[in-house]
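In the two assemblies presented below, chain A is common to both, partnered first by chain B and then by chain C.
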Partner chain A sequence: MSNSNLFLKSAFVRAPLQNGVGRYVCQLQRIVLKFCKSHGGSRGIRDFIEQDLVNFAKQNPSVVVYLKPRRHRSPAVVAEYLNGDRVWMSMHLKTHSEITKWIEVLRTQQGDVSGARLRKYQYTDHPSLQGPWTPFTFKDPELNVAQLPDPKFGANNRIPMSATEKLRIMFEKQKISDEEVKTGE
Partner chain B sequence: MIRAGLQRLASVFNSQGGIISRFITQNAPAQHRPAEETTKDVISTCNKLIQEKSHRNFAIVHLLGKQWRVTDGDLLVVEGYWPPNIGDKITLDKVLLAASKDFSLIGRPLVQPGLVTVTATIISKGLSHTKTHFKKKRRKQFMRINFQRSQQTMLRINSVDIKNSINSAPKNVF
Partner chain C sequence: MAFIRRYIPLVTQSLKNVYIGEQRRKIHRWVAPTLMALKSRENKQGGKVINPRNTFLEWNLEAELYAFGKRLSENFDSDLLLQAFTDRSYVIKEEMKQKEMEFDIKMKDNRELAEEGRKFMEQYIQLYLETVLPKFPMEGIASIHNHLTSEKVLANVSLHLGTKDIILADEYPVDNYTLANAFKAIVGALLRSSGEEQAAHFVRDFVITNLQGQDVNEFWHIEDPWTMLTDLIAKTGSKLEPRLIGEVGKNTLLACYRVGLYLDKKMLSSGFGETVATAKEMAAREALKKIFGTEDNMYPINFKLNGIPKSSCNSRYQVSAS
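What follows is the complex of A and B.
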């Protein structure tokens, strides 16, 4: 599996600046679209700029959008996040819809989340609230002052009930119920 | 041995499966009293504890086929396609268990609706690192390599609230 990847960092679940505790802050701060005005490889990103970019900027007023035309070079998108992460993504020969989806991913993620393998999928400041379980949890504290060995605590009560015992218990129960009937009269 | 078995039987017959399965009394235990009064006492004490907000609550919620133990301020990462988008505030309604330090409310299988409110905010939606699926069978000329990135949604748990009306009838309204 990918755990054996030497150069992949591992990480725990974190959110920058307690995000979401009070209010939510969009973590994408700046996005730079680099493209060529004439080459075919930039076709998709040019379509995106013509059709969707204004709406994107209107819907995300907290995100700074830059356009960087450059002659005869392949298109790329660079996203910069509040925690200082910078994600570079090639948009060469990607279609309009693909670019829309990738930019949505860049907008919604918080930093370079795919750069590290998550070790845990949950983070908590309070790992145990009722106290971790021990063998003495919910046990009678009588054991604390008992003088051991004690037949009461040393008895082996883990063996299952035998058929004979079950029969005898049924018999005893029957006797008890008979007595109850008698007393009821 | 027989006596022990009888006692075990008696305990089985006497135990009543209520919503409050376990209650650790820090106060003096109420013994030699009818079961109804004890139940009432336990419920009122739980309600008092909830009202005082003496301790942090936690809950076990069912979310996309997994069960998570959550408390205020937790972070969860949910894998796979999930519609909620960033900034959304949602309520996690499938609560299997809600508890505080001194009592637990265990649902059968869910705690009654409206009793426990777990709210969360979506923080981040992204893709995981590239996972490599490498398969090879020796001496069979078989080798496959697949790459996969799953969608990950990060949640912040905002609050786990228990209403202090444990014994009131459920309204069954979401």
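What follows is the complex of A and C.
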């Protein structure tokens, strides 16, 4: 499956509103716990409400907590974030400890992160520190004082050696060494 | 989505006893046409209806206002905060309603607070920018200041502080003007309830930090950098000399020229471009950046200045951009 077929919107790693440059703002603004007072599927969330909810609200005064009892319907948690995201999560048949962990996830994330596909794991506004490349960017400083034309800088040494040339050089070398051998005698 | 969510259990239940050869959940053929029909019905009735969040059953304005203050770790006066969130349009609407029902409760709107907040914010941002960019001229500071206090930036800040749902206005979702106005009013309310320094830190943390990762030169468009540079140099009495220090690919599409600016035979800056004139202009821009202390490799702007900085208007110079 290619990315264009995925129903996930793509995103970069970004902090909303430079969060943390000035001061930290918890991005979860309100959370609604929907549950049934009698049904077995809501057991875990009822336990959470009885044991942990007051502490949760005390530790996070910036989060508005709403409880919404609904008769004979399965439990759910709806988290709303400062950037306008709304995350719905079913808590049906989840245990107390599972719910504690999921609510911690909802509290610490910055929006609907599971609904977005990260294109990269890093992000920068300025991909190049050096600026655009020009022919002068990595210019040899020696050229500044050279007297042109100079065979050192003007030599055309970019074309690779041809096979014929290689053969010719090998032949020359061989000839020289043969002559040396003869003179050695 | 709610429709699919509602019917997915039905779909999956009916499939439980059926062997599925491939690893794919089947979506019935009627689902797409039904959703399309529902969508077209919705469109016929005038598009999707967005219900205001404050008409929901789970809504408590008092709790929301308390959490708003806690979220920003500020202590607001609760009456002032409520006033800051009350838009003029809401007051007008309520007054009309009250006239019909023949009773009268006075309501305060946020115009006064917004005006107060705006004044304070503009003054503070000006002083702050002058302190963190000591060599930047007045016009440049003014354009950064205009950017920071523009409706778009303030509305974005306001939206990300969670004012959208709390604002009392006659429309929902609220427009940018109302959002920005509410933010100014919040600054005004904070100014009244916690004093100047606290309000200043609030503005610094939420408005001025918008400059983070931005190039401050981008906000100020210099029409003719060469004239500006020569005027500046003329005041010091030195001699500015542009020299062509490199040319590549002359008379081709990919021509590149490099011009260096020399001040008393010492290199000030260099720039490149596809013509000599562009290269000279780029070199002049580079030189101006150096003079203003806003080069590409400048230190990041300090966002941690405490208190309200003192004004130093006398030492600041003004450049006339022709």
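Everything that follows uses one rule, which is that the second predicted complex is superposed on the first by the 126 of 185 C-alpha atoms of A that agree within 3 Å, B and C clash if a C-alpha of one lies under 4 Å from a C-alpha of the other, contacts with A are read in each partner's own complex, and residues count from 1 in each chain.
Methods note: a residue touches a chain if its C-beta (ideal position, glycine included) is under 8 Å from a C-beta of that chain, and two chains touch if they have at least 3 such contacts.
Owing to the predicted nature of the structure, the values given are computational and were not obtained by experimental measurement.
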**Q.** Contacts of A:Val64 with chain B and chain C, given as first, second, both or neither
**A.** second
Q: Please indicate which partner A:Ile45 is in contact with in the superposed arrangement: first for chain B, second for chain C, both, or neither.
A: neither
Q) Is A:Val21 in contact with chain B, with chain C, with both, or with neither (first, second, both, neither)? A) both
Q. If you stack the two complexes on chain A, which partner ends up touching A:Met91: first (chain B), second (chain C), both, or neither?
A. neither
(Q) Once chain A of both complexes is superposed, is A:Leu82 in touch with chain B (first), chain C (second), both, or neither? (A) second
Q. Thinking of the overlay built on chain A, is A:Asn157 touched by chain B (first), by chain C (second), by both, or by neither?
A. first
Q | Chain touching more of chain A, residue-wise (chain B, chain C) | A | B
Q.
By the touch definition at the top of the document, which applies to A:Thr134: first (chain B), second (chain C), both, or neither?
A. second
Q. If you stack the two complexes on chain A, which partner ends up touching A:Asp125: first (chain B), second (chain C), both, or neither?
A. both
(Q) Identify the residues of chain A that lie in both the chain B contact region and the chain C contact region. (A) 21, 26, 125-126, 129
Q: Under the touch definition given earlier, write down the residues of chain A that touch chain B in their complex.
A: 1-2, 5, 8, 13-15, 19-21, 24, 26-27, 105, 107-110, 113-118, 121-126, 129-130, 157, 161, 165, 168-169, 172-173
Q. Which positions of chain C touch chain A when the two form their complex?
A. 57-60, 63-64, 66-67, 70-73, 156-157, 159-162, 164, 204-206, 208-210, 212-214, 246, 248-249, 256, 258, 272, 296-297, 303
Q: Spell out the residues on chain A that touch chain C in their complex, using ranges where they run on.
A: 16-18, 21-23, 25-26, 29-30, 32, 61-64, 66, 68, 82-84, 125-126, 129, 131, 134-136, 139
**Q.** Sites on chain B touched by chain A in the complex
**A.** 1-2, 4-6, 9, 55-56, 58, 68-71, 73-79, 85-87, 99-101, 104, 121-134, 149, 152, 154, 156, 158
